[in-house]
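A single structure is presented below for examination.
Labels for the chains are A, B, C, D, E and F, by order of writing; each one numbers its residues from 1.
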Amino acid sequence: MEKLTHINEQGRAKMVDVSGKPVTRRVAVARARVCMKPETLSRIRQGNMEKGDVLAVAQVAGIMAAKKTSELIPMCHPIPLRGVDLRFSEEGDSTLVIEAEVKTDSVTGVEMEALTAVSVAALTVYDMCKAIDKEITVEQTCLIRKTGGKSGDFIRKGE
Amino acid sequence: MEKLTHINEQGRAKMVDVSGKPVTRRVAVARARVCMKPETLSRIRQGNMEKGDVLAVAQVAGIMAAKKTSELIPMCHPIPLRGVDLRFSEEGDSTLVIEAEVKTDSVTGVEMEALTAVSVAALTVYDMCKAIDKEITVEQTCLIRKTGGKSGDFIRKGE
Amino acid sequence: MEKLTHINEQGRAKMVDVSGKPVTRRVAVARARVCMKPETLSRIRQGNMEKGDVLAVAQVAGIMAAKKTSELIPMCHPIPLRGVDLRFSEEGDSTLVIEAEVKTDSVTGVEMEALTAVSVAALTVYDMCKAIDKEITVEQTCLIRKTGGKSGDFIRKGE
Amino acid sequence: MEKLTHINEQGRAKMVDVSGKPVTRRVAVARARVCMKPETLSRIRQGNMEKGDVLAVAQVAGIMAAKKTSELIPMCHPIPLRGVDLRFSEEGDSTLVIEAEVKTDSVTGVEMEALTAVSVAALTVYDMCKAIDKEITVEQTCLIRKTGGKSGDFIRKGE
Amino acid sequence: MEKLTHINEQGRAKMVDVSGKPVTRRVAVARARVCMKPETLSRIRQGNMEKGDVLAVAQVAGIMAAKKTSELIPMCHPIPLRGVDLRFSEEGDSTLVIEAEVKTDSVTGVEMEALTAVSVAALTVYDMCKAIDKEITVEQTCLIRKTGGKSGDFIRKGE
Amino acid sequence: MEKLTHINEQGRAKMVDVSGKPVTRRVAVARARVCMKPETLSRIRQGNMEKGDVLAVAQVAGIMAAKKTSELIPMCHPIPLRGVDLRFSEEGDSTLVIEAEVKTDSVTGVEMEALTAVSVAALTVYDMCKAIDKEITVEQTCLIRKTGGKSGDFIRKGE
């Protein structure tokens, strides 16, 4: 039977040994949806067009969080990120979509970095809007695709 | 019209001035759902009953992340956390529910700390299971309730 | 003769004992000038008026750095910041002025937090513009004023 | 039967709820012994008398580590340190003794901060001397005394 | 006469220049002994067999600390860890032995990472048990062996 | 027209993609001047000749800050530093000059690391002397030279 990785012979968690694995270029894209009241999204959009820009703060927060991934996720390997970008779009009148793309040349993938970036960007939107909308919910935080590495490419079903 | 907080008179983000606000006891509870294949949840459950415990790692990750909240969320005030606890439960055969309760005696609330705890705990579950299930999705990350503070208590609709 | 603080009886550095000192409201304002080619400042200003906003990133960087002050400055006490704000202005056609105001209710002042905020904001401007102007220089990083605390208020000469 | 703290009702670790506990002045002293070849200690002592000072670096490392304690020890509460000092002495010709004293006004004690300070200071000595002595060993890292708090004062037997 | 590394020509500490050194696979193993009352060890062992697992928390703390080594030890180079594992065993009825093995492909060794992992894991055990045993002492924190790198392999005498 | 780097197609900041760029040896030197009262500089100099050494603390602070650069500067890539050194000298009777040299083998330069090192070292001097001289000012923080990388070598005019 397939085994969970990250478990040592004492049945405890470990940071898996990836020494000697080849360095390859790797890319991962993750996404989260931030669902809110239409008025809240409208306010973010306005700020966007002026200077008071919730999304500019979320953008910086997501990028800085990607760099902190291995500090946050206990069994995650520290790797040298080569590029991080976040993009925002809207779905309907009440959903903000956040996508993060992370790149590296390393021995492990950057799925966790992309997921961390969108999660923290989404929480930053929550933080800056919670005075006017406490019901904001983050939905469907997931990996969209990844390329590079031995296990092959992955594209989420339906993407 | 109501204004977004966190925006200064140049239209830029700021960490809101809360000096002089009274210290009160505050509690916040947040929740996230981690949706996965039934086999994945079954494997976590087994590990749980043996020693190789994905949830033990997620528990520690969530607590340590709560303490890092103000490093992650740019406009969030650093506050002295007084207690953090996470609880796991299951819904159906493919959903792991994570709840975090955070307490402080401070001048601002701990919503962001509770949300950060469940988000990072959920990502840790993803990290430890991604070798067997890359489609895991985090759903409905949200604030359930908060008490304490001038703005009064909050309970999410339907809770 | 007056003694340098921070030195213990072995002649080594220590974090000075401030236990038992009263908690008071404290404010500090610091400033730095970032001198660059007029074209560089012009480019920042344009970005400012569109969405690609160097100053929005510098703003976030300065605020987050203020929260990291006690991690950076070895003998600095960790204190709970109550508010941080940065403001940008221009002098002539080639100088960007950055001011940071930091507030706390605590037993020590926030001079170092304000100085750290402007220093890191200035370095962030350097980082984002260095591809077009490597000669950018940060000038006159200093404390402008502070209030609160036993040693009394301070206003820099000439301010 | 007495219970281990830090365990929740699911049998998992938690950060114990200390909200509402009174703020009191607390002091803790910890100690570690670093055992090495006499030549190594002699070299440290010489550096001490010139400027190339292993102990100056260990002093700073210990103080900065004390401030990182709650980032390192998962269930440890973040508290505002009010003072940290380290002192070095020698026993015989091959033992360097490191003592750290940490103070706070808070709801929990600072035992872990004092222990972290001496542990990291000892490791820093190891790091700076390992090129000439890989057998250096850290012995008897322990709490010497603590005062303040509900559980009363503690002095290690024999001190 | 042999010179202490890490000292520059002003007699001050520096991070030694290792640029251009070849990347090789390196492994280090360190160990610490945590001495406690037999009842305390018995309690840890019981927790171990149920779910409330002191050692699971210490395991995570040790792994995360290994990743923080270069933040803690001032002259230590940041390197990309490729694997970290901790193992626990008992000696007699009152000693918990912690061993950490760390691997990298890099230009410097991972002795400090292994030593930091066991030190922080030991302190975590202290933290979670201090309510019932304040006399816990960490003994014989030391490097057991290292392989890789120009200076050749090292095995501690008697191992 | 030349474009600011770090801006994505939505006009927002990104961490520029440097994947696939060749690893080369890179060096950067930065400098800052700390201007103070002659008595303050005299006090630092005395401490320097005894053991209570402001500059030893500033040295450690600068080196540790260099390692934190990518945590402080939002769009800065994390890279493995290979060497960091700081040197102090005096100009006249009231100016302390701080120079930092940083080396790496990587795909991006280390200008920001050198600038961060001198900036934080300068702030550390301020912190340790502010009890006797609040007017201390940091002047002319700038890059002196860099070598390595595709954009070629740079030497500041007049150096």
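Heads up, the rule we're going with is that a contact is a pair of C-beta atoms (placed from the backbone, for glycine too) under 8 Å apart; a residue touches a chain by one contact, two chains touch by 3 or more.
Labels paired with UniProt names: A, B, C, D, E, F = Cyclic pyranopterin monophosphate synthase.
Quantities reported herein were computed from a predicted structural model and do not represent experimental measurements.
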Option reproducing the contacts of E-F, where over half of them reappear, out of C-F, B-D or A-C: B-D
Selected interface, A-B versus A-E, where C-beta contact pairs are more numerous: A-B
Of all other chains, the one whose Cα centre sits farthest from subunit C: E
Between subunit D and subunit A, distance of the C-alpha-averaged centres to the nearest whole Å: 37
Chain centre separation in whole Å, for subunit E relative to subunit D (CA means): 16
Intercentroid distance (Cα basis), subunit C paired with subunit B, Å: 31
Where subunit C touches two or more other chains, by residue: 10, 12-13, 51, 53, 56-57, 60-61, 64, 68, 71, 74-75, 80
Graph class of chain-chain contacts, one of line, ring, star, complete, other: other
Chains grouped in pairs wherever the two touch, ordered by label: A-B, A-C, A-E, A-F, B-C, B-D, B-E, C-D, C-F, D-E, D-F, E-F
Subunit D residues touching subunit B - in the complex, by the definition given at the top: 8, 10, 12-21, 70-71, 74-75, 77-80, 106-107
Complex contacts: residues of subunit A adjacent to subunit F: 25, 55-56, 59-60, 63-64, 66-68, 80-88, 103-105
Partner subunit B, residues of subunit A touching it in the complex: 2, 4-7, 10-13, 32, 43, 47, 50-54, 56-57, 60-61, 64-65, 68, 71-76, 111-112, 115-116, 119-120, 122-124, 126-132, 134-143, 146, 154, 156-157
Contact set on subunit B toward subunit E in their complex: 48, 51, 53, 56-57, 60-61, 64
